[in-house]
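We just call them A, B and C in the order they show up, numbering each chain from 1.
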Amino acid sequence: MNGDDELHPDLRDLARRIDPAGSGLADPAGSDPAGGVAEEVVRAIEAVLMVAIDPVPAALLAQLLEVPASTIDDLCRRLAAAYEEAGHGFRLVRIAGGWRYQSHPDLASVVERFVLEGQTARLSPAALETLAIVAYKQPISRAQIASIRGVDPDGVLRTLAARGWIDQVGRDPGPGQAVLWGTTATFLEKLGLDSLADLPPLADHVPGADVVEALEHGLRVPPASSDG
Amino acid sequence: MNGDDELHPDLRDLARRIDPAGSGLADPAGSDPAGGVAEEVVRAIEAVLMVAIDPVPAALLAQLLEVPASTIDDLCRRLAAAYEEAGHGFRLVRIAGGWRYQSHPDLASVVERFVLEGQTARLSPAALETLAIVAYKQPISRAQIASIRGVDPDGVLRTLAARGWIDQVGRDPGPGQAVLWGTTATFLEKLGLDSLADLPPLADHVPGADVVEALEHGLRVPPASSDG
Amino acid sequence: MAVEVSTPVFEGPFDLLLHLILEEKVDLYEISLTRIVDAYLTEIERMQAVDLEVATEFLLIAATLVELKARRLLPGRDDVDVDEELALWEERDLLLARLLECKTFKDVAAVLEGLADLAGRSWPRQAGLEERFLSLAPDPLEGLRPERLRQAFLRATTPRPVAAVDLHHVNPIRLTVAEAVDGLATRLAMVGRATFRALTDEMDDRIEVIVSFLAVLELFKQGFVDLEQFDVFGEIEVVWLGSELVTAFAVDDYEG
């Protein structure tokens, strides 16, 4: 820290934008207490996330740093944007209900060589479709999935459960007490989602009129000689 | 990166200082190839160090990124200074022969509070699996563990040893005299076991070939692109 | 049976039907039924486990298609029963609804795959605590049940899936359409005419009956037999028109 305030490093810049009046923040030696607090909170968030091994919920950070959780989320979002703008090789993201650092997807090829483990095996189309059905219709039974896909989903459900994407979340109260399946926190992590509410809306993917028409045409009942 | 070059985020600033003439670097869309390379190398260093568990030797980064080790050290030193200058809550430090991120000492009190909340009292899956392998297969060498897990276990072994759960229990009599690892009395104590003979037996639980096959059915991975 | 890697593998009857109608623009009304049926049978033969449930689902759909199509192929349909007609429409609408639902999830699955691909290009920070904080942290081994250790060992030693193309061989259905065509042609050449029921009397497997029906349709299409049906859904009479060139009879590639 050499006090060269001709430079505008991203943190101080961030603080200025969080507190636009910000006289205290632009100047590291400034005395504006509110601004100083914002900068200290941001620094503390950075420090904690650096040692965390799971996404850290905003509520926990809020409790530790004694500011409202909404402020934490707001600061993290701004911090993430500032990292991106500065072109860092890492990102701050909100995943599965918490904040965490991760490598930038741009640099996947380098990181992959370093971690050696490579990317996780991809899911088969069958597994992906089954996963989609579970994600949107959870809790859902094996039989309900079978009726949507027209295929026995047992093997695929076992695979998805073994990889931790889905889990048994309950039992159907009705007769038979079928096992009900739902997605896990791992699922959210693997998809980079914060919560199920972030799934793309299913309504956007209902086939358009052209598809419906094509299917109707393909399946149309021959008029036979029904005029008889 | 939105190309807003009115802002002076620290990375581009760093690049400018690395290459003071820096016409290509100050301008993100610039065409100076050397400058662009420097920025990409810095980003790659950030990405790799962000996901590394242990300090990463400059020589390893040099090999990954195909630049001389001296350049890596130089870039890391400058990057560390830029972080400090920007007032981040983390630091880039050279420790135990390598570079790594850690929380800023200024913020130790916050990190301590975070630790005391018990949020990190969880073994990573990698650590747990490695510990299990050592427990069941001891005495075992590093290379044998690597061949089971498919991943270099050095960092995890060090962590486990630092915790006092495993220790070096001998040397392989064969050529190379590899160090052999085993669990400690502390390990038994923590698990509430009287002796290793009390570990849950494996034999009757090893999944049969059919189970493994069923689990993998549905798992179709694209042809290996393993250049690791 | 060599399966080319690039050949799409259909995951079920809906999958295949969607592919045929949407990608191959197959119109059940206008195109040769053999093409659709052929694709179905190829899939059935290709199916990896003899999964009765899947096979049945395929055949139910095949049967619905055959029925939709047969109305056009078969003569003697002037006296259409309104109830039958409505039932067919209902069946068709049900099939349509199921196809639409299946298609919706298929499309959204592709979106989820894109999300997973992107997320898979980032790795999380997992370094954990620096040494100086370790003594503060609760001992993670405290309260670790030995059972979890055993599970971790099993997880670590379970072979990882290897990149492989999923080639599978299954009991083919006992009778292929080509074989059925051969058998029927030989038999009909001798007797001249027979009811479909008589031709399939000894078969107790529904698959074989359907295969035989398809074989009859194929013979009809190629002009080797005529079909007569005096009542709606009544007995179908198969009449041999063919020459003695039975052995030279070529069925276009029915073998899956």
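One rule holds for everything that comes next: contacts are C-beta pairs under 8 Å (C-beta built on N, C-alpha and C of every residue); 3 or more make two chains touch, one makes a residue touch a chain.
Small disclaimer: the values here were computed from a predicted structure and weren't measured.
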Higher-contact pair (C-beta pairs counted), A-C versus B-C | A-C
In terms of CA centroids, furthest away from chain C sits chain B
Comparing each chain's Cα average against the average over all protein Cα atoms, the nearest is chain A
Rounded Å distance, chain A centre to chain B centre (Cα mean) = 23
Between chain A and chain C, the Cα-mean centres are separated in Å by 36
So what's the Cα centroid distance for chain B and chain C, whole Å?
-> 47
Interface hub residues of chain A, defined as touching at least two other chains = 50-53, 90, 101-104, 111, 115, 121-123, 126
Flagged in chain C as touching 2+ other chains are 123-130, 133, 160-161
Under the touch definition given earlier, write down the residues of chain A that touch chain C in their complex.
-> 49-53, 55, 90-91, 93, 100-105, 108, 111, 115, 119-123, 125-126, 128-129, 131-133, 135-136, 146-152, 189-193, 199-200, 202, 205-207, 211-212, 214-222, 224-226, 228
In their shared complex, at which residues does chain C touch chain A?
-> 11-15, 18, 20-22, 25-29, 51, 53-54, 57, 61, 68-69, 71-72, 77-80, 85, 88-89, 92, 95-96, 98-113, 115-130, 133, 160-161
Complex contacts: residues of chain C adjacent to chain B = 48, 123-134, 136-142, 144-150, 152-166
Given the complex, residues on chain A that touch chain B span 1-2, 4, 7-13, 28, 39, 42-48, 50-54, 56, 60, 63-65, 82, 84-90, 101-104, 106-107, 110-118, 121-124, 126-127, 155-156, 158-159, 162
